[in-house]
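Chain nomenclature is as follows: A, B and C, assigned in order of appearance, with residue numbering initiated at 1 for each chain independently.
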Amino acid sequence: MSNYTILSVSDLRKYFTTAEGVVRAVDGVSFNVKHGETLALVGESGSGKTTTGHVIMGFYPPDGGKIIYKGAYELSIPMKKRPLELKRDIQIVFQDPGTSLNPKRLVKDIISLPLLVHRIVDKRRVYEKVAELLEYVGLSEEYMFRYPHELGGGEKQLVAIARALAPNPSFIILDESTSALDVSSQAKVLNTLVKIQNELKLTYLLITHDLGVVRNISQRVMIMYLGKIYEEAPTEEFFKLPMHPYTQMLLSSIPTLSEEDEKIKPRGIESVGEIPSAVKPPSGCRFHTRCPFAKQICMEKDPPDIIVNNNHIVRCWLYE
Amino acid sequence: MSGATVSEVKFSELEKKVKRENWRRIWFRFKKSKLSVIGLSMILILLFMAVFAEYVAPYPSHAGLYIAFKNAYKPPSIEHILGTDMYGRDVFSRIIFGFRYAFMMIGLVLSIVVPTGVILGLIAGYYRGTFIETVIVRLSDIFISLPPLVLALSIASILEPNIFNSMLAVSLMWWPWYVKLTYSMTVSLRNEPFILAAESQGASTLHILFRELLPIELGTILTKVTLDAGWVILIGAAISFVGLGAQPPTPDLGTMVSEYSKYLPEYWWMSLGPAAGIVLIILAFNLLGDGVRDVFAGE
Amino acid sequence: MLLEINDLHVYYKSYWYILKVLNGVWLRVDKGERVGIIGESGSGKTTLLKSILKILPQNGIIPRGEIRYDGKNILKLGDNELTKIRRKEIGIIFQDPMAALNPVFTIKEQLYDIIKHKMMIEGHNPSSKELHEQAVKILNDVRLPDPERVLKSYPFQLSGGMRQRVMIAMALISAEKLLLADEPTTNLDVTIQDQILKLIHKLVTEKNLSTILVSHALGMVYQMTDRVFVLYAGDIMEEAGTNELFNHPKHPYTQLLISSTPRLSSVGVGEGIKGKIPDYRNPPPGCRFAPRCPYVMDKCINMKPGKIQVNRDHVVSCYLYD
């Protein structure tokens, strides 16, 4: 399998001007996504995950940095000005199943839009293709003629996934796509996502705050806090050797269901405090206000990149 | 090729069935309220009378210019159930023709106002934050800030007073309300994930406006249309009443009330009939409007 | 036994139809016991909690059933006695603090009001100094930093976590015997969830309160409770001690629910549950899970299974164990 870099983000910034001041939602983020992998972007709400995804989609332009897609496309251009093939190749599945499907359109119309826009199939074959896509995500063809309100939350997300798959994309952003679901529907959606990824060689950017989900479908993890990335590691290693105190705090907060799971959680760190406002982020390491190990230097200077091993990087003064 | 056609045909049959099912559901919800069914039936009856006025009216020739002084000023009787006027015309027959004008007014005004307002509102909301929005919103605000009747009257008085121009005047004061309604709904829907999804997949602006946004807004718009229909009649009548609308001998209800009111109180039946006709239409549309609202409110 | 519910039916009436939501629910909570209720959203968990306090929405009716609290049948109590129980004995933490806090009053006004009513029931009319002391104390109890500032704030000026703490504070004032917590951390981050759960756990232990914790997050219930009831579509499917239930689930529904939960120590989740919660206008006449059950049998479709005791501490409502 060719592991070329499909998406390369460097020093990405996005600021919002609000009544309270400038929100530094994404503040110098760099990462690469390899073809065929699932890269998880994890952090508390307000850390800038959705903003990162939306900038990649082109919903608003970045205020700095570069996003290069497949080595050829510059993604700083807004969605509307992007060439059609980009609109086909990059897809998104949103968080809230209640608002991600138009309530007045039949499932068939929802899924056939990208098929027709991108001429994936002949007009006369649309029904068949929609049925095939529904079947593929685990829904029977009779769902074609339902309205969104006639579906459960998990079914709606599956339809949203079918819609994203319709134009044969390479890259899908999953923004908390299972967060609003019950575990039983979440399981179905997760299994479907894994299956189609393997069969279609898709690349996912998985935005989530649920480390259980991360463990199950991602190959690499990035931890984001207040607009910056503080740790990245392959999933296996991430759960074995979480380094950043913030990562440890996230892990130790998970209510587990078994003894084995409990053993994964780091000891000696407890969740304290709340994420501060992104308008006036703390100086130095932004996590220092909640960090039990904070030193003088943490308040003063941005932590350096510490390379733990090839693929594991942590940004923390503790390991200097 | 042929195999595909078979299942495609099956699917499109199914789709038609679902769409039919929708209509049935709408009708089911509508008829839950007896009053709205009464409203609808009233409108259908009035519409029938208006269309076939020549056959329904007992004295069709009395509609316009017709003089038979020996019959003038007759109170209601078996031959003339709503009496006759100062020229001896049958008031009831004239009212039936009046309905025809009333429906024409409604049709004319709404077919100008609704498409204009809705399209402008959709565009303004969709292009939020651009000068297109500013222009449309400002313009409609200006029209809204002018007192409606004064506006209509001044326009009607500049132009030649006839029924067509008075309806043009009414339309001019009415469209901004549809802009406002559609605009505010569009703005709140504009950044919903399902719109972003369609846009990011490459849907055209026309598709977004008319296939994604409009269907959601349609219910509210239709409710307003039915509730407004009665008001069109009322405003039209007001313009006619002050003499700037249709001119006698046009059997327009407002014009009739205006003409006949000079003969109050002795010849009360002359004004009573057309006034009741106006009330009847307004009532019918309001009852219908409530039903339409119920159909869409449940969603 | 502090609370015992038997054969509770709750319907929601609408103009056009009746939703038959709770369908003969049973439940029991001992003194000092921490009970969990799990089930998918829409199963009727909130409805069940609200019936205990008799605060169902206007269209909610209770055609049948019994809720015995401290020896009294809640459903037969007069308004005065109910008010007393609501103000002094049973407190509730709602899922959405924004819906429970009044947006136009400051936290101070809302807290004072609750404290005052409670003290008046105790036959004491507090001075404003006493009110203030009590309010600050209770905010300290829930670890809210800077209580004076919180008191002056309106709900929208607080973060989600802080609002939830205020809700807990309010619930604790009125919870001298029983605390009901309805998904108290659903919209919060895991870090905040962890803080809140530990807080609730500590306060409940200190005051020796009985609790009912409702959630669709299984890990949380596993960590926080002694006994669990599984509610699906208005029916209790299974009841057992927490360890027993999570380690030896019997009902197919419980099994699927547990196997669907992602683990930290291993990869792979169960296949989930096909279909969705039934339409309450026309619920399945037999076992309400039958239409989605992989082991469904003929009799499941026609007749609701009774309670089957599988062992001393474990009851299941499923024909597989008949």
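Criterion: a residue touches a chain if its C-beta (ideal position, glycine included) is under 8 Å from a C-beta of that chain, and two chains touch if they have at least 3 such contacts.
In this text, all values refer to a predicted model and were calculated from it rather than measured experimentally.
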_Remaining touching clusters (ignoring subunit B, no chains moved)_ = one piece
*May I ask which two chains are joined by the most contacting C-beta pairs?*
A-C
*Centre to centre, by mean C-alpha position, how many angstrom separate subunit B and subunit C?*
52
*Counting in whole Å, what is the centre-to-centre distance of subunit A and subunit C, each centre being its mean C-alpha position?*
32
*Residue numbers on subunit B that touch subunit A, as the complex places them*: 4-5, 7-8, 11-12, 14-15, 17-18, 192-204, 207, 211-212, 215-216, 218, 299
*subunit C - residues contacting subunit A, complex*: 40-41, 159, 161-162, 189-195, 197, 216-220, 222-224, 246, 256-277
*Residue ranges of subunit A touching subunit C (in the complex, touch as defined)*: 44-45, 151-155, 182-191, 209-213, 215-216, 239, 249-258, 260-261, 263-265, 270-272, 274-275
*subunit B touches which residues of subunit A in the complex?*
57-59, 79-80, 84, 87-88, 90-92, 94, 96, 99-106, 108-109, 113-114, 117-118, 124-125, 127-128, 131, 144-145, 149, 160, 163, 167
